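Every chain is named by a letter (A, B, C and D) in the order it is written, and numbering of its residues begins at 1.
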Amino acid sequence: MVTVGIIGAGRIGKVHVQSISNNVPGAKIKTLADPFMNDETAKWAEGMGIEKVTKDYKDIINDPEIQAVLICSSTDTHAPISIEAINAGKHVFCEKPIDHDVNKIHEVIDALKGKNLKYQVGFNRRFDHNFRAVQAAVAAGKVGDPQIIKITSRDPEPPSPAYVAVSGGMFMDMTIHDFDMARFLAGCDAEEVYVQSAVLVDPEIGKAGDVDTAVITIKMKNGALVVIDNCRKSVYGYDQRAEVFGSKGMAAITNDAQSNVTVSNQDGVTGEKPLFFFLERYMQAYSDEIKSFIDAVENDTETAVGIEDGLKPVLMAMAANLSVKEHRPVKLSEVE
Amino acid sequence: MVTVGIIGAGRIGKVHVQSISNNVPGAKIKTLADPFMNDETAKWAEGMGIEKVTKDYKDIINDPEIQAVLICSSTDTHAPISIEAINAGKHVFCEKPIDHDVNKIHEVIDALKGKNLKYQVGFNRRFDHNFRAVQAAVAAGKVGDPQIIKITSRDPEPPSPAYVAVSGGMFMDMTIHDFDMARFLAGCDAEEVYVQSAVLVDPEIGKAGDVDTAVITIKMKNGALVVIDNCRKSVYGYDQRAEVFGSKGMAAITNDAQSNVTVSNQDGVTGEKPLFFFLERYMQAYSDEIKSFIDAVENDTETAVGIEDGLKPVLMAMAANLSVKEHRPVKLSEVE
Amino acid sequence: MVTVGIIGAGRIGKVHVQSISNNVPGAKIKTLADPFMNDETAKWAEGMGIEKVTKDYKDIINDPEIQAVLICSSTDTHAPISIEAINAGKHVFCEKPIDHDVNKIHEVIDALKGKNLKYQVGFNRRFDHNFRAVQAAVAAGKVGDPQIIKITSRDPEPPSPAYVAVSGGMFMDMTIHDFDMARFLAGCDAEEVYVQSAVLVDPEIGKAGDVDTAVITIKMKNGALVVIDNCRKSVYGYDQRAEVFGSKGMAAITNDAQSNVTVSNQDGVTGEKPLFFFLERYMQAYSDEIKSFIDAVENDTETAVGIEDGLKPVLMAMAANLSVKEHRPVKLSEVE
Amino acid sequence: MVTVGIIGAGRIGKVHVQSISNNVPGAKIKTLADPFMNDETAKWAEGMGIEKVTKDYKDIINDPEIQAVLICSSTDTHAPISIEAINAGKHVFCEKPIDHDVNKIHEVIDALKGKNLKYQVGFNRRFDHNFRAVQAAVAAGKVGDPQIIKITSRDPEPPSPAYVAVSGGMFMDMTIHDFDMARFLAGCDAEEVYVQSAVLVDPEIGKAGDVDTAVITIKMKNGALVVIDNCRKSVYGYDQRAEVFGSKGMAAITNDAQSNVTVSNQDGVTGEKPLFFFLERYMQAYSDEIKSFIDAVENDTETAVGIEDGLKPVLMAMAANLSVKEHRPVKLSEVE
């Protein structure tokens, strides 16, 4: 039984609390910390069987009983808290991205050196039943050598322009998952990124210096060509698809819906639209990523999504940003 | 090149004219006969390259150049014209049903005895790409021994009560295709039929002594259980599906639509409804059945749908009618 | 917070323990009883946060703190324990079927009279996301008046002949869910049942006096025709589909799979087979039925599946058995 | 009735002969010309009802009875024969591409000026039932403003390196259809093209100076982003899909197969792979494009795919080639 502390009681922190309480029998949450901890959250935490709540995350860092920390606080705190937790000898699960600044990620990498501590980054989609199945098909050789990889990722509704201004922009806060997926499905790193982008959803996003629609072409080190298409707003809901085409065939996945009911009438045959957003689509994945992390801690094995997996997509996002700025293909080596 | 005469220039007669003109290079239509032949039809026939039109089908029977006759006239004339054509030494393709009265069908069987003439019955669905594929899967052993066979057959719009009164009723004019399909997919004959039926579409059909909705259970001689569901009115169009479940798996087919486009929006994901009715769904099948008939004539091989295949579904329809009347399962041996 | 006792720690009892622990925040399991309670189960129960385990279900009946009882013991004990629990003032959730003998079910009905106690029967499929969606479409009028209802229900592997001998047979242990589904989807009771059945899977099942394959036709009181097809063995897994066809359209559902991945290669386009069996397919439904029961207890509302819903499918199974025996359609009024 | 001459009796010439004979009642082929005309082809042509065959296409140009010419000869002859036919006062249907050299296309444009002659280019996919349906959905406003357009186009087998050397390369001989489709679906012209390409199928294609796999990003003048993915070899057959995503939804199409049969067994649920190649997939489209051309001639209306539609994709292919050469995004204005 792994004793866990969770730092950050926002939306994703609460998701992990629920996952662990309901679906991760090997872990027990001792403490939940949040600078804005209030009575409501404290009561909810008690109902979830959490022993202690606090406003000060150091209560977790300094608790010798706590073996593993989940960092779900704001992005700018991910790296420094990671380092504090590592130095306190704790295993770390950190939400993505570790940081927008690769130097800070390298500091975390340095902190981990020589310590036998587990570090997992929150790329939850790798644990989704569909993405996992397409990757398994590729890994099993069913498509042969990957040649073209297509990833569609569209959100149901755009963030506020205010959020975009601090999030690092679309490539850093949204596409980062797709960059990770490209590496996961191709089984290797990226070599070059080119972005064709536009502001088609909300001019305010453009004024905030970001884009809201993009087609991103990536050349992977194994020669596979990846294309990611993103949009901040899809009226039919969260669109999360992928396909890997290769020398022996193609593996493809599509969206999930609440049910598979279809209604046929004079207007056609109508099924349900995709599940609304990430909380609906990826709840099973959130559970499974934490299970996987706890398993790695318990069995002293590699985490499924290590610190390098946290670094690489940030580099890809940086290359994407540079590609937009200079309107040209950008090699990863230029930003590393 | 087989020289053909077509008797009957109604809807289905015209379908066969077009099929032969466009898609059956091995056949040439010399004469088209119809008691109601008029200028419009005559002109149309000329445009299709037909040499001669006539009101008297005997012009076809008596023409020594004509090798094969397609009988597309009203059902009550199918058997007598078949016999005339056979006696004139012509191969016959006859629309279904040959007759509502099995005695008349037996007269045709008797007429064929000892003559090397081809006789094919117009069960076009056997030539449909989907039904053919499901049957091929069964024949290739992909489902093992058939255990449960399901056939859905629903028309987009009911016939007039007047038509029902002369058609022999739903089992004889509509389900007859499904009875044939049951034999085609099971690969054997029926043993017993039970009908649960209702008048749910049009009370006038009930007043005419017929039903418009039915679930028909059939026990086949190889032990497979067949269920056919019929309705005279399906608002989303012609519904023509089948599945064969067996010891090694299941083969299933569904409807065709005009295109496979789907539109996703806030209301769901909508595809096109099935093709409207038999002319839309089965045009390829109508062509292929005539090609098959002409091939049998040219190569002196068995027709794909012989005279026995014309008889058996009529017996099944009779058993179905008796089942409705006496509200009990009826053995085929009771009506043979 | 409703305090619950669970009687029976077999497969389905454990499913409910897990559901409540993980997904029903409004309930707390105090006691788990099973005549074969052993150390392993006791330890597992402790891990699930259950306060007490016992071999004697009376420890639950007699515990004044326990408000609701889940009866997951063998079928023959369902009715007597239901009555004991009711007399002790407890709400009851009872697995299906309540009993094979309608008289015993009537005794439970009598016991409930005049008491404001909730009684829910374990027809879990009503809570499955797909079946719920098709029923919701029907209830919303999207198909108009139901005319033909089709239910496919095939198990991945047959039970042992020994099980069949005590289970009450296929109609009582397996089709009972489909009988319930017929009522759920049609929105009314059955009037008449006809069965065409066979032994096609395992001759030993036949020797035990049961069938393993059946097509069941039902006439509902609202005129809709229902057809259920059952087989004890489907090599591609648990096949659980339904469609409701009516005057305004059709609502249909199909199976769920572990993922929606497809692999395209020279052999075709292959997707995953359906989820293996009920534990895989219906875990969400098991959770939701208990949530619904607890809600009914907490809010003093009708249970979603009441005692009458437990009685009616048993009558339908009896009619089905009589239909097999006498090979004729059987009215429900004959067995009531 | 339009009298037609066909120049070129290769594969596509024969397709048009068959289409007109079988499915275009408004046209009559008088003459078929091919420099390699032989007895076999002559006999076949006679069987198709063609009056005259010749080795000299000038027999068509100089025949005053012939109103319309179909140019199906080798690409290098498209432009000069077009001009000869135009100067002879004939309507022209010309296979794609008109030429690899835009100057030659401009000469055809000049030749057409001031003459009321119809000119149609053979972009057959615009007439395919699926592509037509997705375009119709876009044109009907069902997706709102197009934002992301995805076109997948993969051939079942690569051409010989020898062919590639003379075809103008992949962008000119294969992607040219997708460039046309981008314009058709977006409803406007392209502004900029970027290509990420590779030689992953056959190194000999690389040695011949071409690529065999590519992801092409296009910015359209209305702001929509288009991505085309191409591969010269898809083991599961011809892959021809598209989707248009916009402010109000998405319209998408997928492949057609020979039938929709699926076989379910312990290995999964398997459907047929896509139709093998363009002759299988687009036969209906080939027919309909000629019907449309003949209609335009008969009714003196605009052709559905005019000379400008023939020019623009060639410019896009030139931009694509330049993008590969200089590894950068290329504006259409650079090649016009």
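One rule holds in what follows: contacts are C-beta pairs under 8 Å (C-beta built on N, C-alpha and C of every residue); 3 or more make two chains touch, one makes a residue touch a chain.
Just so it is clear, the model here is predicted, and its values are computed rather than measured.
Participant: What chains touch chain B and also chain C?
Facilitator: Correct list: A, D.
Participant: Let me spell it out: compute each chain's centre from its C-alpha atoms, then which one is farthest from chain B's centre?
Facilitator: A
Participant: Have a look at where chain A meets chain D and say same if over half of the interface residue numbers show up on both copies, different if under half do.
Facilitator: Here the answer is same, because the shared fraction of interface numbers exceeds one half.
Participant: With chain centres defined as C-alpha means, what is the inter-centre distance between chain A and chain C in Å?
Facilitator: Chain A and chain C have C-alpha centres separated by 39 Å.
Participant: Just how far, in Å, is the C-alpha centre of chain D from the one of chain A?
Facilitator: 42
Participant: Quick one: report the Å distance separating chain C from chain D, using the average Cα coordinate of each chain.
Facilitator: From the centre of chain C to the centre of chain D is 57 Å.
Participant: Residues of chain B that contact two or more other chains, please.
Facilitator: In chain B, residues 235-236, 248-250, 264-266, 272 touch at least two other chains, as defined above.
Participant: With chains as vertices joined when they touch, what's the shape: line, ring, star, complete or other?
Facilitator: Contact map by chain: complete.
Participant: Residues of chain A touching chain D in their complex?
Facilitator: Touch residues, chain A against chain D: 145, 147-148, 150, 152, 154, 192, 194, 196-198, 200-201, 213-215, 217-219, 223, 225-227, 229, 231, 233-236, 239, 245, 247-250, 327-329.
Participant: Note which residues of chain C are touching chain D in the complex, please.
Facilitator: On the chain C side, the touching residues are 235-236, 257, 264-274.
Participant: Can you check the complex and tell me which residues of chain C touch chain A?
Facilitator: It is residues 21-23, 25, 47, 129-130, 132-134, 137, 142-143, 248-254, 256, 258-266, 272 of chain C that touch chain A.
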